[in-house]
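Below are two complexes that have chain A in common, paired first with chain B and then with chain C.
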Partner chain A sequence: MSRRSWIGLATMIALIGIWFLTTATGLVSTMRFPSPRDFWSALHQIATRGYANGTLLAHSLHSLKLVLMGFATAVVTGVPLGLWMGWSRKAEAAINPVFLIIRPIPPLAWIPLAILWLGLGDAAKVMVIWFAAFVPSVINTFAGVRTIERPILEASRMLGTPRLRQIVEVVMPAALPMIFTGLRLSLQASWTTLVAAELVGALLGIGFVLNVAQQDIYPGMILVGMATVGVLGWVTTRALGMVERRALAWNVAARD
Partner chain B sequence: MGSIRFDNVSMRFGTFNALEGINLEIGEKEFVAIVGPSGCGKTTCMRMVAGFEHPTGGTVSVNGARVVAPGPDRAVVFQQFALFPWKSVRENIDLGLRNKNLPKSEREDRIARALKLMNLESHADNFPHQLSGGMQQRVAIARAYVLDPSVLLMDEPFGALDAQTRVVMQEELVRISRVNPRTVLFITHAVEEAVYLADRVAIMTRRPGRIKEVLDIKSIREAEQWDKHSRIEDVMDIESFVHLRTQIWKSLREEKGSDAV
Partner chain C sequence: MNDAPLTLSQRILYAGLGLGLFFGLWAGLSGSGLVPRQFLPGPLDVLDRMMQLMTTPFAGATLPVHVASSFERYIYGVGLAMLIGVPIGLMMGWFRLLDDIVTPIFDMLRFIAPIAWVPFAALWFGTGIGGPVMIIFAGAFPPCLINAYRGARFVEPRLIEAARMLGTGNTRTILEILLPAAFPSIVAGLRVAAGLGWQSLVGAELIVAAAGVGFMMVQAQANVATPTVMVGMIAIGVIGMAIDVLLRQGEAIVLRRRGLQMSGR
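Entry: the complex of A and B
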């Protein structure tokens, strides 16, 4: 482990120590914030016997599935749209005004409409996650195309590169570092939105666990739900980072 | 095939007259360098031949045909190399050949020859970021040469290199262009470089950019047998070289005096 990782680990241990001391001494009431013991017993309960219709694994997999579906839909639609807007001034002129109006609407404001259209099931949640993750994908891909250095594009034209090949072999790879920045932000937005979407009309998922635990006045379980989102978000971000490092091996700026 | 012609070319950016009354003919297999102070529009001249920019007056033609768009018959070597960092050396050189839909065996042949010409054989599978600036510019030159273009356009190609590498590349370019002569339009602000490389040197003035005079180097170079010397510093010591260099410097300096601030 590197020196940096050790420092990070030490901070974590210190925080848990403070947590333990403040709750054990009664400085913080366990009715407001759970002690490590409460947290552990809630974790044990949901992992083995289950809570709110399912075990921790079932809730996690369900949430993960929704996030990945929303995120994937956003990437598959957002990146091509961003490429198109970056490539064609006409496309930008046509789409940008619509985008500027839709963009400031918080993704969560779409929840009522999504439920009206698609009901209380998973489809509505995926739609809301998609909206949230779509915007950063489009904007960063667009910016990535627009900031390609002019000589790179001129070199490609000078070599007589046909349009489709130019997009696939020159524009896309040149914009890829920015595209990945967009994907990271999209993934973050997906997790943020998931929890909110699951607070309404869900039967399974981490957001649902949080909702039930709040009604049960069960601080330990609330903390378990929060920690699970944190861990899942971290794992998926790490996975995306590994894909990025592999895809951008040529990019010196992205190393170290 | 490979002639370039500027016919009364002018270029205005808004109210700014960048180029005015440019007339220049570059014959087949002739190496012409344009020197001039920065901002005189010499790069714009090259970019119009490449088809990246279009004159607001007059015509630029290559092989008698008016230039309308960029194309592989006019290969460009850029100052900042402009290699594709996600492609290996071989893939960078191959792209132009693939665009011509050449069969694989012919592409491989031509790539092998280009790699050999530029002494890049051991770097074919490296990526640009693994190479020094000089090596990267070799790749860019190979990428242009491999297309067998009718004209080669070089925009201060050694401007981003350190002094030692620059000298090596200049000697290399002389070697290549003697073995394998091309029509070359070479843009530079380095007077020695222009005299050393070119058959003719066109001197440009500023605001508006015009061609002040064109000097014949080739006849002097041949009469004085500069090519007997393989090292640039030996050539630069020859009296006729020194004389030409001084002549160009004076011409450029008169220019600076005239638009004194």
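Entry: the complex of A and C
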């Protein structure tokens, strides 16, 4: 193990030690931050008996499902739009001004409108996540197409490649590294937005757990909810990274 | 790409086409009654409501007052993030032990969305000004720290060697070499932090606040006052954009003084 990971390990152990000591001695009130035991019993409670309408697994799967639905919808709509804007200057000239108007509004600011339109159910969440993930998908795809070196396009055109084939076999792969950059940002935005939307109003999901725990003044459960948000975000980011490495196996920059 | 760059008049034509389609669709859907007006007020209704809100209070205050109270929290949150994040980042770039200690903690916390701090923020600091400030801080802190750290880490080694040879102390090295060398990177981080902080502010106010634009929107949503919700969205968008434009200008000035070019975008 390297020096760095030794120190990292030591830091973690020290942190847990400090956590134990400060909560056990009452230096940090357990009404404000849970002790390790509170955390463990909250975890045990939500994993086995459930809390806020469901077990930890049910909440996590529900949140994961909504994120994946919103994210997938954003990718399926955003990437083609970005490709089109990159491909055609006319499309860019027409769509970009609309984007300039909508883009400064943070995705979280759409939450009240989404609730007004679609209620507190899943549809409103998917709409907001779609919105949050859509913008980075479009913009990075567009930028990716625009950074393609002209000679590559000209070569394919000179060889008489039909337009659709040019897009699918030349433009798409060349823009792929940038597209993935956009997807990573989209995924992050999706989680932030989902947690916020569920905090505002939901009946199931990890943000809802946080919401109920806050109202119950239950620090142990709040920490469980936060840890779950972190783990889910980490897992999905890793999964996307794996897809990226597969898709970009030819790309040197993506390999290291 | 597949066609030559457009002329200015063509650009204007297409921009008009795009915007016309957008606003036309919006006004058409609401005006024709295809979507109930209560849920989709037309652009003019929203503009009308915005004018009203300048003078008539909603949810306890007029729009400018809500904006002002949002802005106050925002300045506190981003300011704190900068005051704490930049020094820690610089020190991490200089003291390797600190780097090795903080980095794993930071990596662990990175995946927790800032908004997930809301329950603890409310529990620790209440819903007045402290809670929202903490969430803005959670959003703005990481880019402040990371950029100061990267800037300090990638300082030209020769500068550090020269300083070391002359026997410069730690404090002076950090203040007089790392800080100026990392300055462009810090300013770039500040711009990112300002954007993320603004986002977090909106989230914080939707959930835990008793004033501010986000609070106004939640109240409006509860009263099915769609035009007011949209006014809130516009206000947030406009201010966010203004902050970004200002900081971009600042960044360009800083870089120009050093004879550098603005990177990316």
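For the reader, a short list of remarks on this structure follows.
The rule we apply is simple: the second predicted complex is superposed on the first by the 242 of 256 C-alpha atoms of A that agree within 3 Å, B and C clash if a C-alpha of one lies under 4 Å from a C-alpha of the other, contacts with A are read in each partner's own complex, and residues count from 1 in each chain.
The working rule: contacts are C-beta pairs under 8 Å (C-beta built on N, C-alpha and C of every residue); 3 or more make two chains touch, one makes a residue touch a chain.
These numbers were taken from a predicted model, which means no experiment stands behind them.
Of the two partner chains placed by the overlay, neither chain B nor chain C lies in contact with A:Leu21. One of chain B and chain C touches more residues of chain A, and that partner is C. By the touch criterion stated above, A:Trp250 is placed in contact with chain B alone, chain C being left untouched.
When both complexes are overlaid on chain A, the residue A:Met226 reaches chain C alone and has no touch with chain B. In the overlay built on the shared chain, the residue A:Ala109 is in contact with chain C alone; chain B does not reach it. Contacts of A:Pro173 after superposition: chain B is touched, whereas chain C is not reached.
Of the two partner chains placed around the shared chain by superposition, chain B is the only one that A:Glu154 touches, whereas chain C remains out of contact. Contact with chain C, but none with chain B, is seen for A:Thr237 once the two complexes are overlaid on the shared chain.
In the superposed model, A:Ile13 lies in contact with neither chain B nor chain C. Comparing which residues of chain A touch chain B with which touch chain C, the overlap is empty.
Within the complex formed with chain B, the residues of chain A that make contact are 149, 151-152, 154-162, 165, 169-170, 173-174, 176, 250-252.
Across the interface of their complex, chain A is touched by residues 1-6, 10-11, 13-15, 17-19, 21-22, 39, 97, 100-101, 103-105, 108-109, 111-120, 122-124, 198-199, 202-203, 206-207, 214, 217-218, 220-221, 224, 226, 229-230, 232-234, 236-238, 240-241, 244 of chain C. The touching residues of chain B, when paired with chain A in their complex, are 50, 52, 69-72, 74-76, 78, 80, 82-87, 95-96, 98-100, 127-129, 143, 147. Chain A meets chain C in the complex at residues 3-4, 7-8, 11-12, 15, 32-33, 86-90, 93-98, 101-102, 104-113, 115-117, 145-146, 153, 163, 188, 191-192, 195-196, 199-200, 207, 210-211, 213-214, 217, 219, 222, 225-227, 229-231, 233-234, 237.
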